[in-house]
Every structure is written in structure tokens, then in C-alpha cells.
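Shared between the two complexes below is chain A, which pairs with chain B and chain C, respectively.
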Partner chain A sequence: MSELAPLRVARPRDVEAAVALRRAENQSRYIAGGTDLIVNMRRGIRRPKLLIDLTGVEELGDVSVTQRGVRIGAAVTLAQLAAEPDVSTRYRAAAEAAEAIAGPGHRSVATVGGNLCLDTRCIYYNQSEWWRRANHYCLKHAGTVCHVAPQGKRCHAAYSGDLAPALMVLGAEIEIAGPDGHRRIPLADLYADNGRAHLKLMPGELLLCVHLPAAAPPSTYAKVRLRGAIDFPLAGVAVSLAMADGTVAALRVGLTGTNPRPFLLAETESFVGRPLDADALARLDKLVQKQVQPMRTTLASANYRRLAAAALARRLAARLAGI
Partner chain B sequence: MAMQPLVLDKQLVRLKLNGRWREDAVADNQLLIDYLRDVARLTGTKAGCDGGECGACTVLVDSDPVLSCLTLAVRCADRSVETIEGLATHGRVSALQREFHEKLGTQCGYCTPGMIMAAEALLRRNPDPSEGEIRTALSGNLCRCTGYVKIIDSVQAAAGAVR
Partner chain C sequence: MSDSTIQVEAGRPRVPLIDGIEKVTGTAQYTADLDHADALVGRIFRSPVSHGEIVRLDVSKARALDGVLAVVTGEDCPHTYGVLPVAMNEYPLARDKVRYRGEPVAAVAAEDAETAQRALDLIEFEVRELPAYYTAEAARAGDAVLIHDDKPGNFERRVHHVFGDVAQGLAAADLVRETTIDCAEVNHGQIEPHAALAQFDPFTGRLTMRSVSQVTYYLHLMLARCLEMEESRIRIIKPFVGGGFGARVEVLNFEIVTALLARAVQGKVMMELTREETFLTHRARPQTTVRIKLGMTKDGRMTACEAEVVQRGGAYAGYGIVTILYAGALVHGLYDIPAIQYDGYRVYANLPPCGAMRGHGSVDMRHTFEVLVDRMARELKLDPFAVRRKNLLKAPTCTANGLTINSYGLAECLDRVERASGWRERIGRLPPGKGLGMACSHYVSGAAKPIHWTGEPHATVNVKVDFDGGVTALTGAADIGQGSSTIVAIAVADTLGVPLERVRVIAADSAITPKDNGAYSSRITYMVGNAAIDAAKNLKERLVAAAARKLEALPEDVACEGDMFRVGHGEQSALTFDEVVREALVNEGTITVKGTFTCPPDMQGGKHKGGAVGSTMGFSYAAQVIEVSVDEDTGMISVDKIWVALDCGRAINPLAVEGQIEGSVWMGLGQAMSEETRYLDGLPAHASMLEYRIATSAESPPIETHIVESIDPNGPFGAKEASEGALASAPPALVNAIANALGIDLDELPVTPDRVVEAMVERRRRDRLEDLRKAAS
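Showing the complex of A and B:
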């Protein structure tokens, strides 16, 4: 780790000023908690000339409850989110994900927006400058070869944010501010299946807030990691399940840590109208194993992460179904 | 790597450090840990992993535990920063410091300032924590000597002493 290169810090008071600053300086980055960005800066991966500190922008910093649901500002901290009574009761997966991220010293400053926009990770990328240089860098940054899959031309770095799958199973939408005004999209549409460029944000765009619908089914989140704290997930799974008359009314499974983007499991509508019995759980297990694509981007093996993701999905679904 | 031109962008930062207001010209790229150790000369705060993974550099900012190796010093303007040096009053160690000593919560001592500050943040919020709550509050702090048992004993004893 090294000192940060010279830079300037600006602290705008509103979203318009933040977006204008970002547009005016090409080599600038938004910063809130900084627990992901500053690590990468100290490793020489990012070298912004201007940091735009969002913690002074009031409208990004609170959680508000309306009849149509809940609005969570992008600069709400993970500690704040986990402690929010409306979130921990009605949107359990989101609170469970938030309170299991990193450690208390991270959660006190790290934000919802920062976790959603977390950079993808890989053992060949999250290393010091000299380490990466000694390996001729990698496809994700400054190099030409992906050391995980040298034959291919894709970056396989894995997305490891915990909040995204939890918010996705709750039906989250996000609001984005940009040079041309605001847009609102489903959270899943923020992500592209590309470890090098996994965020579909235009230059200068800023994530403003997350909207959760008023009616959300029971949900839960869990992950597997090397240690019980600090570490990023090797696989993380969120499940939301609505039951009616003993059969599935709606089932959503969100996955993280295994692919370059967080995603909702496809084909879960095939469970609707049937009981969630042992057969269904075995089918869910297979479905997860088929759709996750862990690569050798962590010290744990890819196959272990595939099996862990499937086991978590099965376990969480069973728990929500009360079996 | 090309040399970057040296740009000295400094701001006058006023902050409360261990209860006393002070003002310093701080470069925008200075990290809080370097400000504390090199400018304020408070070397009790330790740099461990230097990348937000070990908790050794934990300090309090407005009573929240924060990793000083990932915090820009300029972002602490107008806020209250507390380090291990701020815990003793009139030459007397705090209950946490005393119990870390009495219960052998310290071995090599390198993680101790971070451990104590993380525990301090917990006890201010929750003066009577369960063992599980202590474990959660210290989950971001690594210790390679003690095996954690005596650290948890120390925090429990300190909570009892304050109560």
C-alpha cells in the first residue's frame, strides 16, 4: 500500500453540483464511504485527480417511508440501513445483507450506493502495484491477458456486493441522475455481464436512491466466506418467497459473488403453484448450479462456490417456507 | 510509472482531537492515520494491513468506529476524532485500558489500540453488551496473539466496572 497520489477533494451540497463537477473533470470519481475506492487507490488501480465527496449532499443521506414504499438514499450508511426499523422488519434480506458486510468500522461509513457500485474482484486484480506488474497486469486493468481464463477475451472478475441480490429479490428500482436529467430503472438493469465494465452508468451519472415497493414478500440473505467477518462473499444468496395455500405464489433468488454481475435466477416461475417440497428444493439446487459461473477468482475453488451457492439457496428457501 | 507533478492542495482543517479543537493545513490526499501519526504525533494508532482488513487503525469519528487508513483527513473537518491517547483522564487509564491490562487482553499489543477503540464505541452505545454483541463489535479487528478469549473477557470486565 502506498500514499495517495496528489488529488483534490470537492464537497458539493447538491446533486446538480456533484454531476457538474464530475462532468468537468474526466479523471474524477464520486466518493462516499471510500472503503472500496480508497483501497484501490492505495493499490495504484485508480488514480483520480478529483474526488467528489457526496457526504455533504443532504438528499442522498436518508431513508424515507411513503405509501408507495421506501426510498433509501445512496449515501445512507450500511450501519444506518441495518438499524432502520422499517427495513429490518419489512425488507429483512436487505438488513441481513447490510449487517453482514465487512466489519463495523466499514459499515459506519460505507454506503448503499457504494456497495451497489462495488468494483468487481479477482485474486489477480486486488493486489499491490508491484504484484500486478510482476504478473504483467491483467485484462481488467492495464494488461492484455485474463490469468483466470487466458484463452478467452473476457474479464471474469466477480461482483461481490451483498446488497444487490437482497434488493433485487425485493423488487428494487434505482434512480440515477445524469447530465440529461433523471432516469429510473430496475436494479438488475444496472449491471452488465462483464467483469471489466459491470456498471451500465453513463459518464457523470450518479446513483441517487433505491426504491423498494410497499408490499414485499418475506425474504432472507446469507453468504459463505472464509472468515465470519471482513471477507467478501465467495457466494451470497438472497431469497424472497410468497406462499399461498401451501403452494409457491412467487419465488425470487438473487445471487452474488459468483458472476461478474449480481443476477436474479431465471426460471423460478416454474415453482409457482406447486408446494416447496424436497423435490422442488432439489430442483432449485440444480437450477442454481446451472446458472452460477464461478471462476478461479478467489482462493476457494470455483466448484466449491457453485455448490455453496446452491446449498444456500436451498437452505434459505426451506427456511422461508418453514420446513 | 510517470512521476506526477507535485501539487500541494491543502485545506485548513479544524477538528476536535481527543477533546481539544485544533487547526492544521492538511493536504487533500492525506489519510487520517498519517495525519494522526505524523502531524498530530499521536503514534498510538497503528497501521496494520493498511488496506481496511485488520482494524488495527480503528479510531472514533463522532463516536463511530472508523478505519483511519481508509479515511481522508480533510473529511474529518468540524468533527470529533478520538484515539487511544484520548481515553486516559488526568493520568488515569480508562476502565477498558485497565481491564485489557488486568485480564491479559494484550500480548504483543499491536492490535490493542484498535481493539480498545472498537470496544469503546460499543460500550458508549451499549453499556451492558452480551458476549455475542462484543464479538460482533470486534469482528473487524484481528489479533494474532490472544485467540480473542481474553480480549472478550477484558471488554466484559470493563463493562462490569463501568456499570
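Showing the complex of A and C:
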């Protein structure tokens, strides 16, 4: 980690001012907790001239509950989210995911928006300038070759935010402010399957908040990692499950840590109307194994991440079904 | 503050470290905290390639940059350095060749960090690349290019030691089994990154060096050698050091480079390495492949052992020869084994050089041995405790390879952890996914033969008393967090019979304190502790004589305790410590006495080549039981509890002993569960505290420590070492516990979840084949 290059910091009081600042300086970045961005800056990956500190923007900083659901500001800290009674009771996966991110120190400053917009990670990318230069850089940043899959032309850096899959299985939508006003989209639509550019945000756009529907099925989240704290997920799985008369009414499985984006498992509707028995769980295991695409972006083997993601999905679904 | 009189012989005082308050309140000054407002910033240019001949190194643009005061290269230092006089093959800045990615090539001193970095970016470096080898196997291959021209086969050292008749021993066994285990390279992971502050005074030609060293004496020698300076012009001061574990137990390139820069600018230079650079400058436990073949009778008696150890040592020698010798020497000394053959291969590779790390040389060998014993016990349907008990040594004794064992508390260690863990009642009766495992280990209390043989005592301590009544112990021993200064204080206070608060310890400043060989091989408590006792006895003699004079009594009638000197019990015949000191100073002035300690030559190991390594005056012994829960699907292991017993002779300060035992077990557990260094084409993929996975508090299990006091005949107050002995039994106890839980044999360290899952997949496949075979027949 080296010194930060000289830069300016602005602390706007409202969203409009923040967006205007971002627009006026091309080499600027939004910052809240900084637990992801500052590390990359110290490694020379990002070199913004202006940081726009969002922690002074009031409307980003709270959780509000209405009849239509819950609105979570993007600058709400992970610690705040995990401790929010409405979240931990009604949207359990979100609280569990928030509580399992990094360590207590990180969670006290890291934010919901920051975690959703977490940069993708790769063992060839999250290294110092000296390291990356000695390795001739990589496709994700300043280079032309992906060292994970040198034959291909894709960046395989993995997304490893914990909150996204949890919020996705809860049916989250997000609100985005930009130079041309606000837009609201399903959370899943924020992400592209490209490790190099995994966020579908237009220049200057700012993630404002997350909306969760008033009614959400029971949900849960778990991940595998080497240590019980600090580490990013090697594979993270969120499941929400609604049962009716002993059969599945709705099943959603969200995955992180394995692909360049978090995603909802496809074809889960095939479980609807059937019991979640051993056969179904085995089928779910296979489905996860088929759809995750871990690559050699971590020191743990890709095959392990595939098997572990499937095992977690099976286990969490069984737990929600009360098996 | 209440005074606390220490009575080591009589009681069990629990003394917090004497420098603990400064550390926990944040007032302790580590090297990077020292005032360096007027210092230039030092930065190192490192090789981007693994192996090659230097074709061109042009630093002219860097030198011409505004704000750059000096640039030094290999041209500025034609001298090699290294910890072993027989194996100094490393330059502080590369000359002619580079041998690993990250090797220092040039360094700059600039007015600020930004300028220093810009200067590095202006350095032009061209290399004709040579084939690079990242495994011992590749480096040993017949057609491999030599990393060092004078080292054929890329071997740093080959060892072949045979004691006893191994063939006969194996023939006499009922069961002979062999296993090979691959142990990853691991790192000390000390919290404080490397740093050094060097100041060269142009008027006096003197150099003052402050660094994170564990071995200030060696640093002194190497700076004199590399800078061609008289030793008398150099002063080494050790500030607070944030952990060592062997990371700083040899002189490191950045220390010499900082001094070169300071001399070049005729001023002051601060060098603070990043965490990545600290990992590159690591000198840690090498990747090691251990193959052990063991013979056992059906009642568990060991008959013979064949051990082969291959260590991937990295690009330079460092401590390598000692490491590969330790691995063989310490096959001996734990159990009674009639015949042992050892073959060791220390191999060069194009990676950062390895060195000494807590449990130096012994850990991976011990791991493999203890795992194999467990597997054989299972096959013979013997209890693993019973097997150990069948093979105990009897002290005093001398091992086949000439190691002296004067005290041996392993039997009691076994009893204690067996009972505490409820082993007999619980083993074999645990629910699925849960397991218990045990293992034993040992370690030296200081190498009996110093690396730099000078004929001097092994340790020297000075104790000064002056008009103020303060007792000042002066020691060169480096306190690096292990608490060595506290031990010196206790040894002096207890011997004198004064409260601990009266004793002040000044450590590791070459201008003030007597030379000490340093903080390594767990030598300080044993050697410096004995020297401190000796010094305090000498002072006490002087004080008692003064008291006797004043009290008009015979010295042998004067008792000194509780800060008072008395003859009998009368008030009239008592003097305070201050009164006695004043009397003692009459006609004398300030009193400084000296104490020393020397290991007798007959305890300095066997006569064979390399026989001094492993020799010590006292071995510590440990046994531990680990209880685990394993998740079969995700491979996640959680350690539920550890019971550990350590025979450390006398526990001079049980509080510190417990801390050291917990720390060593925890460090062993880290190596067992998650820590490993990995290189991608020679680039460190692990060089951050995120990727190098030291256990967090979330994984740290309750550790129940038991202190076994065998009372060593030669140790200070009967003490032996307490900080390394329990480490090496942690990894095998864990792997044995996993075997007990799941029935899988893991042949790699660390046992990360992916390796556990792979082993489970393999076991299921084997079971399926077995079922098919049964069905077919």
C-alpha cells in the first residue's frame, strides 16, 4: 500500500450537488465508507482527482419503513442495516449478509451502496502497482491479457459483494439519480456479466437507495470463506422460499463470489408446485453447479467454489423448508 | 502502585510485561513512530523478473530528478552479507544477476515519498532473462540452469545422517508405513512491517541505526562489513519491535540499504517497507515436502525411522543450512527411537529467500511424523496416547545424534491433556463430523553453539546500582514482544530480594548494553536469564558485604529480602536497600557488576558434520489435544477446543508462559488451517493481510493451557523455553482430529476447506469403487 496521490475532497449536502460535482470533474469518484475504493487507490488502480464524500447527504443515510415496503439509503452503513429490527425480522437474508461482511471495523463505515457497487476482484488485479506492472497488467486494468484465461477476451474478475444476492432474492429494486433525473430498476439489472465493467451505471449516476417490497418470503444467506471474518466470499448464496400446502410457491436463489456479477439462479420456477424433497434438493445442487462459473480468480480452487455454492444452496433451501 | 516482591522459587507470581502499559496505551515508539521529520524518504527499486543477468541499470534520470539526494545500486556495495559465515551469498542490492521477483536492485533517498516514487519510475533496468524455477523439483532437475554458479544441482545443502541400524529396525517391526506430506510455505505475519531509520554523521563519520531487528549484534557486524566501516563507529539501537517470530532473526537487505543511503546523503534516511515488501523480505518457513517411513511393533514400540525432507529455500542461503539440519536433528529427542536415518535437501529456487520461523526447521517434519504415528496407531488398533507412552525417553540421557536431555516432562504432559480433554471417555464416541486428535512436540532452549563463534560467553548481563538506589540491568537481548526484558527484571529482582519496581531494564543499544547474540532459538530466558542471575548474585555479594560492614556482622549472617538487609530479627539490625547502597558506594562510587552464562562444550551437540544444530541445554516438551467439527459439504473446519500442556521447566512467570503457549498453539493452528504463501510465476499472490490468512478472533478456539514443571538442572530457576515447543504439535493434532471426525487422510498443509472437500470427494469415490468390487465378488 502506498501513499495516496494528492486529491481534493468535496462534501455535498444533497444529491443534486453531488451529481453536479461528479459531472463537472471527469476524474472524480463518489465515496462513502471507502473500504473498497481507498484500498484500490493506494494500490494505484484508481487515481481520482476529486472524491465526492456522500456521508453528508442526509437522504442517503436512513432506513424508512412504509406500507409499500422498506427504503434503505445507499449510505446506510452495514452495521446499521444489520441492526435494523425491521430488516433483521422481515428480510433476514439482508441482515445476515450485512452482518457477515468483512469485520466490525469495516461494517461501521462501509455502506449498502458501496457494497452493491463493489468492484470485481481477482488475484491478478488486487495487487500493487509494482506487482501488476511486473505482470504486464491485465485485461481489467491497463493490460490486454486476462491471466485467468489468457486465450479469451473476457475479464473474469468475480463480483463478491454479499448484499446483492440477498437483496435480489427479496425482490429489491434500486433508485438511481443521474444528470437526467431518477430511474428505478430491479437490482439484478444493475449488473453486467463482464468483470471489467460489471455496473450498468451511466457516467455521473449515483445509486440512491434500495426498495424492498412489503411482503417478502422467508430468506437466508450464507457464504464460504477461509476465515470467519474479513474474507470476501469464495461463494455466497441467498435463498428465499415460499411454501404453500407442502409444495414450493416461490423459490429464488441468489449467488455471489462465483461470476463477474451477482445473479439469480435461472429455472427455479421448475420447483414450483412440487415438494422440496431430497430429489428436488439434488436437482437444485446440479442447477447451481451448472450456472455458476468460478474461474481461477482466487487462491482457492474454482471447483471448490462450484461445489460449495451448490452445497450452500441445498442446505439453505432445506433449512427454509424446515427439513 | 503496590510493590510486588518476586519469589520465583517459592511462589508463582503472575507479572504483566514490564513494557505492557506503554504498548496498550499507544505510547510505545516503534521504528516508524520515531521522529523522522528531518529524515529523507528511502525507497527500493525491485526486480520485476524472477531470474536473469543484469544487462543495463541506468539510474541517471532518477539521480537528476529534483528532490532526489541519492541513488545507490549494487555498485555501492561489493560485499555479500548473510547470517551464516559459511553461506553469505547475497548482496544488499543485486549485482550482475537477479534471482527473484522483488529482489532489491537500487534505492533512492528523496525529500518526500512522491519524489522517491517518481525517481523509482525513472530507473531503467534491462535483464537477459534466464529460466526460473518455482519448485524444488524443477530446480533439482538435471538440466536446470544454476541459480548460483558454485551450487551444482541448485542444492544449498544436502544432509545424510544415519544413527543406528535402520534396516534391522525396520525388519524387526510388525508394521512399516510410509507417508509423504506437502507443507506450504508460511510466513511470520508479524504485525509491524519492516522499517529502519539510519543516521550518518558527516563530522564524526558515525552511523546510528534504529531497526526492527531481533539480532542487533549481527546487524552491527553486517553494517560494518557492507559499508566497510569500523565497528566502533556504528551504534545499533532497537526501538520497540512489533513481533519477530524469526522474521528479523537475520540481517535484512533493507537495513543495509538504508544505511548505504544515509551514508550517501551524509544524513538521515527513513525506510518504511509496505506490507507487500515486508512479505517479499520474509525469511519464513519454506515449502517443505516430508517423507517418513516408520517401523512399529504391534504393541506400539517404534523400531526405526527414515526421514527425507526437501525444502524449497528461495534464492539465497540465509539460514537454510541450519533449517535443513534442524529438521533432521529434531527427529531425535522427543521419543526413544533406536535407529534414525535422515536425508535433507535444501534447494534454491527463484523466490524470495526463506529463513527461520518459530519452531525453526522442526515443524513440518514433526507434523508428518505425528500424523504417521496416528495412522499407524489406528491400523494397529492402539490408542495414540499409549503409543507415545511406549516410546518415552528417560532423562538424563543423550540421543543417538548427541543431544543432551537433562529434563523430560513429556509423560506428565500426556497425562494432563488426556485427562483434561476427557480423551478416554470421549474418543470414538463423538457424534458425526466431530473428532479428537492429539500430538506431541519439543524444542530447544537456545542453540548451545552460537553461529558466530568468538569464544565469549553465550550471554553477558551488566547490572548497575548508583546513588539513587535504582538497579539497572543492561542487556543486549532484544525484546521483540516475547517479554525477554521482563524475564531479566524478574531474574535480577528475585535474586537480589528487591521489588520488581526497583529494577529497570535497558535493552539492545550497542553503545550502552553488553553484546547479545539476539532473540532466536528461544535462548534468552535460558542464557540471558542465567547471566542476569549471575550478575545479580555478584551485586548482592557487594551489597551484603556493605550491609555487614555497617551492621558490624558477618556477611553470611546478613539476609536480604523484601528490600531490606537484616541480621536476625531486631529493628536495630536492619537496613533499607537505599542505606546499604549508600554504604556500598563509599570509596567505590557507582557499582557495575557483570554476570555471564556459558554452555559447557559437552552439551554442544554431536561430533558429526552439522552436529551442533539442535543441541541445547534443555528441551521443552508439549502434548496437545484438539477437538474439531468439520462440515462435510463445505469443508469448513471449526476448532472447538484445544488442551495443551507444556513442560517449560520452572514457569518463572506463569502469566507470560500461558501467553507464549497460547500464541504458539495459535500460530501452529494458522499454519494448519489457512496460512500459506503462493506465488504466481514468482509474484507473491499472498502479500497482504487479506490474502495471507492469519486466523482472526472468530476462528480462535478456547485454549486450555497446562504448565508442567520438570525443573531443569541448569535452567534459570529451573526454567526452559516456553514459546516454541507447543507449536509443532498443533498442525498434526488438528489433522489427526479431522481424520478422527471424517476418516480422511490429508497429505497437505494447510487443510483449507477446498482440500477437505477434495479429500471427501476422493473418499466417496473410493468407497463407491469398494462397494462395486464387493458387489462383483
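In this section, the second predicted complex is superposed on the first by the 323 of 323 C-alpha atoms of A that agree within 3 Å, B and C clash if a C-alpha of one lies under 4 Å from a C-alpha of the other, contacts with A are read in each partner's own complex, and residues count from 1 in each chain.
In this section, a residue touches a chain if its C-beta (ideal position, glycine included) is under 8 Å from a C-beta of that chain, and two chains touch if they have at least 3 such contacts.
All values derive from a computational prediction rather than experimental measurement.
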item	value
First, second, both or neither for A:Ala278, with chain B first and chain C second	neither
First (chain B), second (chain C), both or neither touched by A:Asp53	first
Which superposed partner A:Ile185 touches (first chain B, second chain C, both, neither)	neither
Touched partner set for A:Gly103, first chain B, second chain C, both or neither	both
Partner chain in contact with A:Ala311 - chain B first, chain C second, else both or neither	second
Chain B versus chain C as contact partner of A:Leu226, first or second or both or neither	second
Contacts of A:Glu3 with chain B and chain C, given as first, second, both or neither	both
Which superposed partner A:Thr35 touches (first chain B, second chain C, both, neither)	first
Partner chain in contact with A:Ala266 - chain B first, chain C second, else both or neither	neither
Chain C-contacting residues of chain A that also contact chain B	1, 3, 5-6, 103, 228-230
Partner chain C, residues of chain A touching it in the complex	1-3, 5-6, 103, 123-124, 126-128, 130-131, 133-135, 147, 224, 226-231, 299-301, 303-304, 307-308, 311-312, 314-315
Interfacial residue positions of chain C with respect to chain A in the complex	46, 48-49, 101, 113-114, 117, 274-276, 633-636, 673-674, 678, 680-681, 683-687, 690-691, 693, 695-699, 752-754, 757-758, 761
Chain A to chain B touching residues, read off their complex	1, 3-9, 34-35, 38-39, 42-44, 51, 53, 55, 79, 102-106, 108-109, 129, 228-230
Residues of chain B that touch chain A when the two form their complex	1, 4-9, 11, 27-31, 34, 49-53, 55, 58, 64-67, 69-72, 74-75, 118, 121, 136-137, 139-142
